[in-house]
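Paired with chain B in one complex and with chain C in the other, chain A is shared by the two complexes that follow.
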Partner chain A sequence: MLKLDRRSFLATTAGLSFLSVLPRVAHADGHADTLRVAIAGETGDLDLLQNVSTLSSYSAVFDALIHYGPGGALEPGLATAWTIAEDGLSISFDLREGVSFTDGTPFDATAAEWNLKRWMGVADFSWIGIADNYDNITIDAPNKITVKLKRPVPAALLELTIVRPVRFLSPKAAAGQPIGTGPWIVESYSSTETVLVRNDAYWGEKPAFGRMELKVVPDELARANALRAGELDVIGGDWVAALSPRRAKALEGEGMTIVAEPGTATTILGFSPKSPMMQDKAVRDAIFMGIDRAAVATVLFEGYADPTADIFPTTVPTAGARTPVPARDVAAAQAALTAGGWTGDASGWAKDGAALEIAFLVSEESFPGSRRIAEMIQGMLMEVGVKTNIETVDNATMHERRPNFDYDLTFFATYGAPYDPHGSLGASFVTASDTGPDGKIYVHPDLDALVATALETGGDSRQGAMQAVYDWLRDNTAACPLVVTQRLWAVNPRVKGFTLPATDYDLPFKGITLG
Partner chain B sequence: MQRMFMRRVGLALLLMLAATALTFWLVTAAPGNVAALIAERAAGAGADGEMIAKIADDLGLNDPLPVRYARWLGDALTGDFGVSLRTGKPMAEEFAERIPMTLALLAGGGVLALVLSLAMGIAGAASNGGIVDRVLHGLALVGASTPNFFVAAMLVIVFSVWLGMVPTFGVAGLTSWLLPWITIALFPASVLARVVRVNLQDTMSRPFATTGFAKGLTRSAVLLREALPNIAIPYMTTFGAQFTLMIIGAIVVERVFGLNGVGAFFIEAIRFRDFIGMQAILTLFVVFFVSINLLVDVLAMLADPRLRRPRKA
Partner chain C sequence: MKNWPWAILAPALLFVLIGLFAPWIMTHDPASQDYSALLKGPSGAHWLGTDYLGRDMFSRIIGGARTSLVAMAFVLVAALAIGVVIGSFAGYVGGKTELVLISVIDIALALPSLVIALALMGVFSGENFSWMSDYWKMIVALTLAWWANYARMSRAVVVAELQQPYIEAARVMGASHIWIFTRHILPHVLGLVVVYASADAGALVLAIATLSFLGLGVAPPTPEWGQMLVDGMSYIEENPALVIIPGLALTAVVVSFNLLGEAFALQKVPRAVRGRFLARKKAARAAEDAARKEVEA
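Take a look at the complex of A and B:
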């Protein structure tokens, strides 16, 4: 029987009193006009010329001349119209009139020229075609400029939609002051949060709520718990605060709204062009046919991925004709090996005395969840008779080994919108490009010529030139596309009308209302 | 005493020097290229081999390791720990912003560990084999065996998600500190509670305790007045060791609760191969470890005259 003396009674009462006075965490109370979005790392000062600040917050504060729309449609931003000369050597822009930066500085041709000259023709930004081929800028009228190029850059307009450095900063902004013309103004930023307030003078559609708090929550579980507790309204986005498929499935089961939309980046299994084993097309074909992409998408991505056999999904422009996603076919994979001169069966294969054994380089740091995918693929290939050895390394080792093609198999991902297809093609499939630690998916002299032609071809011929690249990659089984991961977000029920922006590099706020 | 104190300080400084040299060597031996990271930060995808080579040359990364260490040490002694490769800010600024957060976490956790361990240890000794003693023994075992990320997750689910009493992350008033403090204090409190309990049991069997009982003192009176002061030295030394280990716990706790302290920064520095940030924080950890242990040594010497006597051959 429970004995309750005076001392324990008083202690219990005091304890309960203490707990009862703890205020319940305000959920939406006091935040009726504020959208609280999780970000995985601090935004920083949003310097447009430094590769430090997180990419996701720029588009809330800064506008570009052209904005990236759904499917790669080019939408007017600070330019209302643009004209490319017939020779492709100049592009004229009609600048939006009546626009000011949030410090009151007018946006006009002079401000545009000042901004563009900060990166066009500058060596650090030679990876951007329009910067690399920049000749000069002329001011044609107070609200009209022309950018002249040394060579035509067919992807120039798409390049003007990327996150940085192409967006426009107030020429009067002091160092560390992120002042743009965008729908939001940075009220404050620190290592714990960035507070944005609505720009009531914004030239475009104004947000329906007045304040956005970007809360730094590095841990994914903590973000999910904060959403559950009502302390956050929105979590997700690969470049904002990634939400894993497993976590999304768990949140969905708890009544949270999960928004999943087709992605723009493809997860690809890359074959090292320097590996003697991988130079054998029969081996590449066997791997291509021996993987069950649908199973990978269903089991490892909880259905939040779409199987694919193409380098780019249809969510990016000029992605090419669709290749039917092959069903896994062990017999066909083994037949390909036999046709390639390999002898063996499901217990193993050999050719010229060498056993078919593949090194599969994986880094959980570089690509979270990749170890599980690799193990699943290892099992599938084992049934074909292809032995794979998974090597798990850290991010730095991956960054050293991948550029040197020091692997047989490893994972890659395309850049996604708005950087593709020209971004990934020009960097990851060209021998001469310097991609630094990212490495390249596949290179070959024949491919170099095709990619160069495709990237230099504009107008109506561009689609055909791009298709020639895709066909070469497919005919040579130069890479093994696996899935296109979906864009995953989870939102608090008080958030209404949640719609994703066109790219994973933008914050979602358009169309959102708060209940 | 003064000579002994100076000797301890000298040893502590030597230890710091050796530890920073070791960490410097380990950080530079880790895979990855500082120059490549700096180039990538400055130029993004435009970083090429030429730019990387120039940065390496400018920073003296091709110099012999001892030369680089000496240069780093000279800068560090003037408070210049370099610029973080991840945030682009001087590490001195990062420290100024983040150390108060970590200190608040450690101080609160330390006080909680102190109070909890003494309360649990004394209550256990007072019960002496009774139900309270056995329950507290079990709790201490669970507390010492449960990883802090699991404790944090459970506390958040119960007190934040289910009951809505405290925030899940960030700092917003005193209540937001409760879960981080409990999480970081649980392990040291559990260990220290056993130290208190075991040492009190031992002390209670000493002759002076028996004398106390013979004089008619109650068990509680003997515990608190006679036995407790006698466990000060073992408690103090164990507390010092546990307190220094709390900074390791802070690495996890800060990340889970979204606190922007040096522990959370350290995790991000590792992820982004921010070598400069890593080295600066490891140095901070070394200084913290050595300083706390030095402080404990000095306090122990002040508390116990036997420790002040010079050792005889």
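Take a look at the complex of A and C:
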């Protein structure tokens, strides 16, 4: 019979504990040169012309002519210099010399022309100004090209920094082969993981580690738990694998490093331009004044959001003059309704026999966390006397109803860097634009004219033209900006030198070393 | 063991009582937000603590009971009425009409009720139904998903009863179809489906919570247990009570109704309760005996 005294019990326990630690030690050793990053959806084959792969992984593999730097600064990418003609109708690029795609194909004017012609002048990409106004390309020298345009496109250089389809693919790449000039090479991809290895021939600053594993973890709590368990090194980024403010707070208390920086996308409450109720400016004013933006930022975003009354934050170029964030004012909101011909009080309002009752369309699938924000706003508006009925719908229904303006109130978000301000303005505030299922924040004939002018105005006049749009939106209470959510990432302590990528459409790896 | 059926009844009975008297039991307005008391634990001011918007959890649980009770009652009564009418009609009329109706019932039974309800909610979420509130969409969807079982049972009872000699006797004596159906057959049908409905109530409470959990049921700020569960999920790490409390309430009610139904089926319910539910059945049996004696005489 086995006799177990205290000493042997302790020795056995200690031995078992050591054995249980071994796999983790081996696991960590096996990943010493590997950064493991969570991604919410699979990368697929990173097709640059199809909307099937997650946007965040392209920039690791493919370069653009111009890269989006901190604060919207334009940085040389595959183009070392560029010149815009005085009339704005042509842009010349000096291409970086000595660069090759990872299959050995040289990057030169011919390769650049082949790439640009895949999307410039193509109807599917008419949402990009430079593609819509494309005329032709000339090869001026083996490493110099000129893109000629039918009309000036002031945001052309910013448009060349976006992820898809503007990045450069090897002309010799077979279908489904993601071969670029970027710092990483795709070793393999599957529905659960994409493995990248360092491109040792990269023209720019090479990553300090040799391998990056992009783990597909769709659930946010599972991502956080994987970070805690040491199975992931980095989670976060709205377009990579979003981290909720609540989770960030919890992880911060557990020794993880939380990196939060001012965001570039604004969460906006949109008023339907087809809703008779919402066409009453008094109602829009009452809603605008009846919401406590600071409380939304504190209560639901744990302080990882900044209240705003502007369409774009200052982290976006030409975002315009700042509007002071209004404090919530129930009395002023009620006064606005009274001035607009409504009668009533905190128990409800009516005008011409119609009660003030608003349909608030919400989809958790389209915008995670939106129902809780809607509930909070519902409570705030209830104190004004504005009754809101929250309709929670699935993604498909949201995509059906939003383009038809079949709602009174609903949530929108601007695209953020590097797409803004021209991207959101040209799409979400223009009657004729095709935004598909995303719908539009607000449209009006007067606004169409102002946005068209702003998007076509370059040089020193651009800021003034953009400001005219912002002023119109503010004076007409055409939309109700709420908060700018901060860019949130959580990092395992073994990751050193973590800095946020330039946009949330990029993966973090620059400057990172692994401990 | 002798008294265990009463213990089974307790949570279900409590649920019904709380649902009925919720406005007098709630200590706070369940929709009232207090940003100075977010995610607080139990205290004298808030017996079960507060949620992420500072709303009183106790009042929301009580309010949630009322929401579930009212929705459950609407669906049960409507589904039972539709099921009994269609099933009885099919069984009584027979022939091709019965064949068609039975086929419809079989198709409805071929799919899980919740799947049908989800599909219907999807249909109702379209533009054509935007005049209906989410609450009524849910009631209608669940009713249309729930009636088929009652129809099948009703039809089976009607067909069985029609074979009985006393029905033949009543016909011979010139009783009308309506007389025969309402006096001799309907009590049997109701006796069975009401007992079945008592067990079904738990499943229905769960279905209501499931739809709300998926964001398709009761709209905020009305408190509802399924919605409280899904909202609490985001806070499960730091405040698991937001999930545990509505989860426990839901579990207790569902288990209680299921055991109650089982007890009815096994005739283990207390005499007083059983007698009340089965009184109609006894009266019907007495009427049949009287009719039979009349024929024999």
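Please note the rule applied: the second predicted complex is superposed on the first by the 488 of 515 C-alpha atoms of A that agree within 3 Å, B and C clash if a C-alpha of one lies under 4 Å from a C-alpha of the other, contacts with A are read in each partner's own complex, and residues count from 1 in each chain.
Here is the rule we use: contacts are C-beta pairs under 8 Å (C-beta built on N, C-alpha and C of every residue); 3 or more make two chains touch, one makes a residue touch a chain.
A quick note: this is a predicted structure, and the numbers were derived from the prediction, not measured.
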Superposed partners chain B and chain C on chain A - clash or fit: fit
First, second, both or neither for A:A374, with chain B first and chain C second: second
Angle at the Cα centre of chain A, taken between the Cα centres of chain B and chain C once the superposition is applied, in steps of 10 degrees: 40
First (chain B), second (chain C), both or neither touched by A:D124: first
Superposed model, chain A: greater residue contact from chain B or chain C: B
Partner chain(s) touched by A:E231 [first = chain B, second = chain C, both, neither]: first
First (chain B), second (chain C), both or neither touched by A:D446: neither
Touched partner set for A:T435, first chain B, second chain C, both or neither: first
First (chain B), second (chain C), both or neither touched by A:K215: first
Partner chain(s) touched by A:E400 [first = chain B, second = chain C, both, neither]: both
Chain B versus chain C as contact partner of A:A250, first or second or both or neither: second
Smallest separation in angstrom, by C-alpha atoms, between chain B and chain C in the superposition: 6
Footprint overlap on chain A, where chain B in one structure and chain C in the other make contact: 221, 394, 396-397, 400
Footprint of chain C on chain A - complex, ascending: 221, 244, 246-247, 250, 295, 298-300, 359, 364, 369, 371-372, 374-376, 378-379, 382, 389-394, 396-397, 400-401, 404, 406
Chain A partner contacts - residues on chain C that touch it in the complex: 31-33, 35, 38, 52-53, 122, 125-127, 130, 133-134, 215-216, 219-221, 231, 234-238
Complex contact set, residues of chain A against chain B: 19, 22-25, 27, 41-42, 44, 47, 50-52, 123-127, 190-193, 215-219, 221-222, 225-226, 228-231, 365, 394-397, 399-400, 427, 434-438
In the complex, chain B residues that touch chain A: 30-33, 36, 39-49, 86-88, 97-98, 153, 156-157, 160-161, 164-171, 175, 255-258, 260, 264, 267-268, 271, 273
